[in-house]
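Multiple structures follow.
One chain, chain A, links the two complexes that follow: it is found with chain B in the first and with chain C in the second.
Let's look at the complex of A and B:
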């Protein structure tokens, strides 16, 4: 209950901030629609010559793309603003105020804010999901819906953990401007089915940067190609990554409070 | 029983050392040389509940490091500290709930929002019940004159106004111990006075213990009867502000206005001359001999005006830090 109350207060204040920057919503929406058009264009070209690429039909690839947009929106809305803020706070020394609050530091640092206008991508993602599912004439029942929700949530947890690990590194290196690039470049690969990439990259995308658990599996769940066993695996992966990243964060924080000037 | 107890506290930083030049920069990407800097070298003191103590020292003396250790932000490398019965760096919730740290050069308020929103966030974080929150807020608003500021975006406030809001944000949970690190930094004189008055009244009203660092001696003289002086990470003095002056500056300043310039030339035989401008002279006289010297001057020279003063505390402190004075606490 306390957590929900805190989240409500945090999000209410950030939404009030965001109202100041209304234009952001529209630029985001336009940018994301333009990006969508180019991606759909390239998919259409690829699928012109083959009905299926490595077992993926155009419709299924569209579902994947929809989940990609949805996930991108969720990250930009809930995860990225906090992670960026932590890096600023470490640089400016204002993280001290976060550490001195009588509340779990990781929770306060990583859920303190949200960017409501980045909901643009979430909306585009949802719209595209509905469209793509209609195109495949798939029926999404409660089973698919539940599996999708579970795998999508696990995907978010994996992104959160991955980013938290990278942010924790700023405790040692202070300036890491290219850090976000690493995340987005890796995430970008999830726009297309993991199966189309060469074997070595597939392995990387599954185990090193687990894009598979972030986009491919939730998309599979939505189009009815992922069963409860895979969903269970993705939950386990999510729990393990949150646990590990949280350990690393605490270790980093210990270093920060042990050595920072 | 003391509320803050510090014994032999030590802190050493590992500082990355880099030589100038591109090749050295490149090398430092892979091999880093570190140098140990002892910021605090075994400091001990204790504060009773409700005391207001000034923490003095030049830049780099170890003041902020000590404050940060007491607030729980830094782990020490040696020694012990206990504040309100807690070891600060364990950062137990019960401890954090009862302290506050205000830093003049950093702000916790959300930049793009009115200060009120940050207050509400703090209310939630500190779990302050609505009635207590309203009561404290009303008081702070009245004391700090915040009414016109509450609804303005923090970024549009002046430095002094922002500092007032920072103080309010830091005190909403009514901390028993308050660490103030340069709270008046960059703030104009009038506002400095307001902030001082406010700190004094908060301390009196709630019996809160205040440990304050400041570059402005006026802050310290106005607020603190007791001072702790540290220099190069070591304790130089701990005691009354007044006796600090007596101990390290055992002299008085005598200012004279003489009837003619010829008389002004003769003052040298009475005491050490610090300044001489036409008929105006400033003398330094050992404390013990002051009345004797003044009596002689009055009987032997044509005096128009004469004043005897204690040296300004800034000068006293400055002397300590430049190593011109030996102090034993």
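Let's look at the complex of A and C:
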């Protein structure tokens, strides 16, 4: 309960700050709609020449794209702002103030803020989701809904752990922000069905940068192509990765020397 | 080593200016080798993803994509050649000033640059050239490796590559000046991000980044043929691969020069007007 109460306080104060900068929201919205147009347009042109590409129709690819946007929005809203802040804090030594607080350091550090205007991509994702599902005349019942929620949640947990590992590396390497760019580039590939890529890349996107668990499986759950067994696998993957990354974080924290220690 | 004032606009003055600026740019960038590599790799993802989509689409059609409207035909090796060349040429023509200018105008970082006796565009262009000199050297082995992996269809004759060289140079200058015009928008609004995104979206289609222009649907193809984006993107690539009929080459070069002149005139006007609006922080 205390955790939830704190979370509510954290998010309320962040939103209060963000409200001051409303114009950002519209810029984001326009930018993400244009980015969406580029992706859909490029897919539509290719699909003009082939009705189905590796078993995917344009409509199904759009469901995937919707989940991509949803996930991108969630990451930029909840996960990325905190992780970037920790990297700064480690570099500048201000993580001291976080550690001194009488609360779990990992919780405080990774859930301190949210960036409300990044909601733009979440909204675009939901809109596209509704549109694409309507176009495919898919029936999304409680079963699909539940599987989608579970796999999406697991996907978020996987992203969280992945980024926590990256942040923990900062304890040793100090500057990791360039690596973040590489991760985003890898994430970009998730806009399209993993099946279009060559075999070695598919394996990389499943096991190294788990785009598979972050986007492909939730999208599959929404369009009724993923059953409870796959969902269970993704939950296990999520739990294991959160546990491992937390261990690594605690290990890294021991190596933190502070600003002038 | 400043030139006497009466020679300020001579060719020698600018040659010396660029030589000094490029030398300085190379020295600065060599400090950030790792960041350089990452910026260089930045350009890989887009063309490779496009290639993957078209490869998958062509294998769904038995290996060949044919546009019935204009008879253009692409096989796997053709797509590989197109997107690989696009990747290399894209790197040679890339420019990022539009991203930086907003920051310069907001923070007043432009002010010290205005104290120099020449327009800051020259220093920026020299920096752009230094970046490409360094990164191309680093990326060359990767490009060769990719060419070996993707097995592109080579162009029919070496002449087309020779012919594409001036087209590539023009494309680089064109894109540079066009993007610099876009950067000038920062004088009027601090929210340049949406406008840049619009530019990149249009460029993706009309410049040939998401698909070869010959495969675009009819109306989009016509638009692309006349737009400035073709000259900055697809034209040098198609020329290098020998995909442009001889009688269409000269008009395409003319279009490049024409759009470059338009951009130069626009830049002069935007720069003068924008500077009048510029009020530096703390001034």
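In the analysis below, the second predicted complex is superposed on the first by the 256 of 261 C-alpha atoms of A that agree within 3 Å, B and C clash if a C-alpha of one lies under 4 Å from a C-alpha of the other, contacts with A are read in each partner's own complex, and residues count from 1 in each chain.
The definition used in the following text is that a contact is a pair of C-beta atoms (placed from the backbone, for glycine too) under 8 Å apart; a residue touches a chain by one contact, two chains touch by 3 or more.
Note that this is a predicted model, so its numbers are computed, not measured.
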Superposition on chain A - do chain B and chain C clash or fit: fit
Return first, second, both or neither, reflecting whether A:9 touches chain B, chain C, both chains, or no partner chain. first
Scan A:35 for contacts with chain B and chain C and give back first, second, both or neither. second
Partner chain in contact with A:189 - chain B first, chain C second, else both or neither: second
If you stack the two complexes on chain A, which partner ends up touching A:27: first (chain B), second (chain C), both, or neither? second
Report for A:94: first if it touches chain B alone, second if chain C alone, otherwise both or neither. first
Quick one: is A:45 in contact with chain B, with chain C, with both, or with neither? Answer first, second, both or neither. second
For the three-chain arrangement built by superposition, which of chain B and chain C touches the greater number of chain A residues? C
Once both structures are superposed, the least CA distance from chain B to chain C in Å comes to 8
Contact residues common to both interfaces of chain A (with chain B and with chain C): none
For the complex, give me every residue of chain C touching chain A. 34-35, 38, 41-42, 45, 49-50, 52-58, 60-61, 65, 67, 191, 193-194, 197-198, 200-201, 204-205, 210-211, 215-217
Using the touch definition up top, name the residues of chain A that touch chain B in the complex. 2, 5-6, 9-10, 13, 16-17, 20, 92-94, 96-97, 99-103, 108, 254, 257-261
Under the touch definition given earlier, write down the residues of chain B that touch chain A in their complex. 13-15, 39, 65, 68, 71-75, 89, 91, 93-97, 99-101, 103, 106-108, 110, 112-113, 117-118, 120-121, 123-127
Under the stated contact criterion, what part of chain A meets chain C in this complex? 23-24, 26-27, 30-31, 34-35, 37-38, 41-43, 45-54, 178, 181-182, 185, 188-189, 191-192, 195-198, 201
